[in-house]
């Protein structure tokens, strides 16, 4: 064995995550650039879960100084650093977690001034994250990033409640890594090589040994052939009656002259497996609606010199589907394990793999033709080969995520969904902040102040709600609870939103897994999460 | 370099916590009374964290920043390079050192006033007197065995009232978290009130075992080839000498396995064997990322904070998390099994005269619980002892003489717990011996 | 969920509780005690003995088939029950070198319920009965010892004579087998 296959230090260090997003995911992460606005408890927790797995670089924007109450919630400050620049201190302590990561901080000017000057280049980042940023600043920033088409994650904690809002103009999900996928075996639209192989097996002359090891997928296909013959059909059995007949034929195949009477009582594992896998393997092969939508997307139909490479591949797959694919996607080339001997399994695996390679080559050819047509060839062709293969393997799951812009949010629609009201009520706290420059209940020692704040908060709610039904009891309760929290940053809540938000950033950077669409509310009282579209 | 420990500094530092401790709200637990005392309550309550790995590091940080100041942490492991992508209290220079000790040191440096006592031990090294020092125990483990062990330990420490109900003040709540890749779960266990680890064993993913015959004769996947090398070729060839078991961390061992698994794979036209894959199969490596650990540990920490303060309601009581497609979290209370061999197995007490022969005890048990062929065993001074077994000839002969012996001669003192299994009962019983004195005068006292 | 716990209350049984000290009820032992009480129903061909009577987690199974190819033999297996039990199956090994299609020369046993089909509802008794079945019905379709399986499938008489020869401690294809005759 060559020495080169022994993992290097870096591969060992990242071993546990490389098993999830692969070396290519890691490479993407290591060239990722993230901007964090707000180095509070929440902000540093987000960066922590990005620095540990080896993000390329981060930039912290924060003009505040370390305070004593930071020491009661933020892990990346130390009491000896009180009154020092919070951006600098947290940047130092965060980079200590992982020397591979490059950390930069900006403590002057403030984010408000940066936005006002409009000279800072946010387009250098893969994603911008805000942590408990106040509403006015956020709105300006969100508008700015929407124009730049830079993804924005808005994270927030408020007592036991946390939220994340994603604003992204267009994000491509290439590898979903879905938990349960139905194998791409196409028994209803079988590969010619597969049909030939099945036909080459003379069922009647099988030896006992061969019958015992007949792969369940062959059993299913043989049964299907017999069923289709009997019913003069080209489809799969659909009605209950048809399915029962199908099972009957399968049971008949089970009896075979190669067995003696003693064998008959024996459970044949491969036949059991065939029956068990009917629901997942004898399914209609169709073009998933997700990819159909992509084929119809304007970006796919109207390629141009500026179009993202993603749409070139989609277009190439579309051409494949319309021509060689006869309405179907490229074959995935994977075969689930089944009870059989080595030779039979490998034979079937190779049939599917070879078809997958062929399909991929055709897509690749279309892809290169398109690149040439739109003058994209010289700079793009190097990465393209692996790229097309990954796309073909995941063709059924490719998708695009486009969220609404934050400024166009309508906060007050539909509050029936659980936890939705928390989001609405937090917005009321923001309106309170706009008016009073502090959050309701922020002052601790004064009880009468608390009562006044609560009254003011309810007042704001009434104004917004005017014309509607009387505000519900539950909403009153939510406002009261939020007033109790007084915008407190509880560390454990920051840690949860921090972990979630970091992972969303990783999804955006690696184009693996599916980001939230588009607003998450975490309720730390019940320990529940709801995601909804705004 | 510490913060002055005076009251006003402390109060300023914990402003965030104080808002929810010194004010009530509609989501508080009915027990909750807002108070300035609660902060010092958190400071003094003793917490035990089991495991200083991915979850343990997060837990330690979370607990310390939720105001807890008296924390013990147990972990027998040393630090490994592959830990560093998530176990953030360790750096490369710590490799080979005790996880518990380095983690404790880091936290005490970063968060002055927080006292962390490390124990580089197995949980099995300690007995009930150790565990009873703590008011709440938090678990961040990757082993089912260890979870079951601490679960049954805490059950064995419960006290029951005359109606066989758990005495609430004898409960040490167990908060348990677990992660695997992008999935995780967390739960609050209050024995006697919620389901326990043993009630819900089927929530753990079953171990994957390939059929021995597939490995020997019909390999189809690269996994089968690796298992063939580890389970058949290695014991036969003993490549590193007799008695040398496979060490999944030894590059040489894994390389040897890779080499031979590749050979076998090639013979069968199977592809996909490389170092990382092979090591994953051999060590049964569970993938892990920082973010999932952060999420699950934070849920645990939040619940510990709630338990200690009653500031808001507890979660009810098991939660699952997954962030592969969007983010998903579901919380529900798994059923407490009425036939759980651990938490529903309330020990019964039998009263017997201190001078009695063992025969009398057995007879009493057979009669009272309608047993057919009881198997009785116990532990005396940490040593297991089989007291009575009739289901095999050999054991019948060996244990029959016990019947004629007195309880004292067998070492069965007051309060000793025995396990009694019987074909007539669905699960073993726990039986505690209550010795009564033969002399009236001493009982009167 | 309501919080029945409060740090304000002191824990009952704190400190030196009278019967706290040594007791540790292992979940595996709790299960094993029940399982082993059922061994009285074993057929006389299967016998369980303990090297150490106080260690219920390690025992020996002796199978003396009264029928079939292996009649007259005495086959000894070691059982180890780990603390994961019943989440994981007991570990079983044949302590002798024997000629059997489902047992290899290292003593590994191919029995589905010892590996892929193990479920916590199964018991020690079901494993022992399964082991007995291996000797009355050796299964050539899932072999560990491929040569033996091949012979059983193609020529029963040769198989029978091979079994007889090897049980007597004979040599076959250069392999010396252990003598396992019961007398």
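Order of writing sets the chain letters: A, B and C. Residues in each chain are counted from 1.
The rule is simple: a residue touches a chain if its C-beta (ideal position, glycine included) is under 8 Å from a C-beta of that chain, and two chains touch if they have at least 3 such contacts.
Remember, predicted model here, so these are calculated numbers, not experimental data.
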Fill in the blank from the handout: The chain whose mean C-alpha position lies nearest the overall protein Cα centroid is chain B
Exercise for the section: Please name the chain that ends up farthest from chain B once chain centres are defined by their CA atoms averaged. Expected result: A
Fill in the blank from the handout: Taking each chain's centre as the mean of its CA atoms, chain A sits from chain C at a distance in Å of 46
Completion exercise
Separation of the C-alpha centres, chain A versus chain B, in whole Å, is 33
Practice task
Go ahead and note the Å separation of the Cα centroids belonging to chain B and chain C.
Solution key: 27
Exercise for the section: Could you list which residues of chain A touch at least two other chains? Expected result: none
Exercise for the section: Send over the residues of chain B in touch with two or more other chains. Expected result: 217, 313, 315-316
Completion exercise
chain C residues touching 2+ other chains are none
Practice task
Using the touch definition up top, name the residues of chain B that touch chain A in the complex.
Solution key: 1-3, 9, 12-20, 22-27, 58, 61-62, 65-67, 81-82, 84-86, 88, 91, 110-112, 181-182, 186, 214, 217-221, 251, 255, 258-259, 262, 268-270, 274-276, 280, 285-295, 297-299, 301-303, 305, 312-313, 315-316, 319, 321, 323-331
Handout entry: Interfacial residue positions of chain A with respect to chain B in the complex
Key = 1, 5-7, 9, 11-20, 41, 45, 48-49, 52-54, 68-69, 71-75, 78-80, 96-98, 159-160, 176-179, 213, 337-342, 345-346, 350, 441, 444, 450, 477, 480-481, 483-486, 488-493, 495-496, 498-500, 502-504, 506, 513-517, 520, 522, 524-529, 531
Problem - List of chain C residues in touch with chain B within their complex - result: 1-27, 29-42, 47-50, 53-56, 83-84, 87-88, 102, 104, 106, 108-112, 114-116, 118, 120, 142-144, 146
Practice task
Under the touch definition given earlier, write down the residues of chain B that touch chain C in their complex.
Solution key: 29-31, 41-42, 45, 124, 127-129, 132, 135-136, 144-145, 148-149, 151-153, 155-157, 159, 167-173, 188, 190, 193-194, 198, 201, 204, 207, 209-213, 216-217, 231-232, 235-236, 306-308, 310, 313-317, 333, 341-342, 345, 373-375, 377, 379-386, 389-395, 398-399, 415-417, 419-423, 425-428, 430, 432
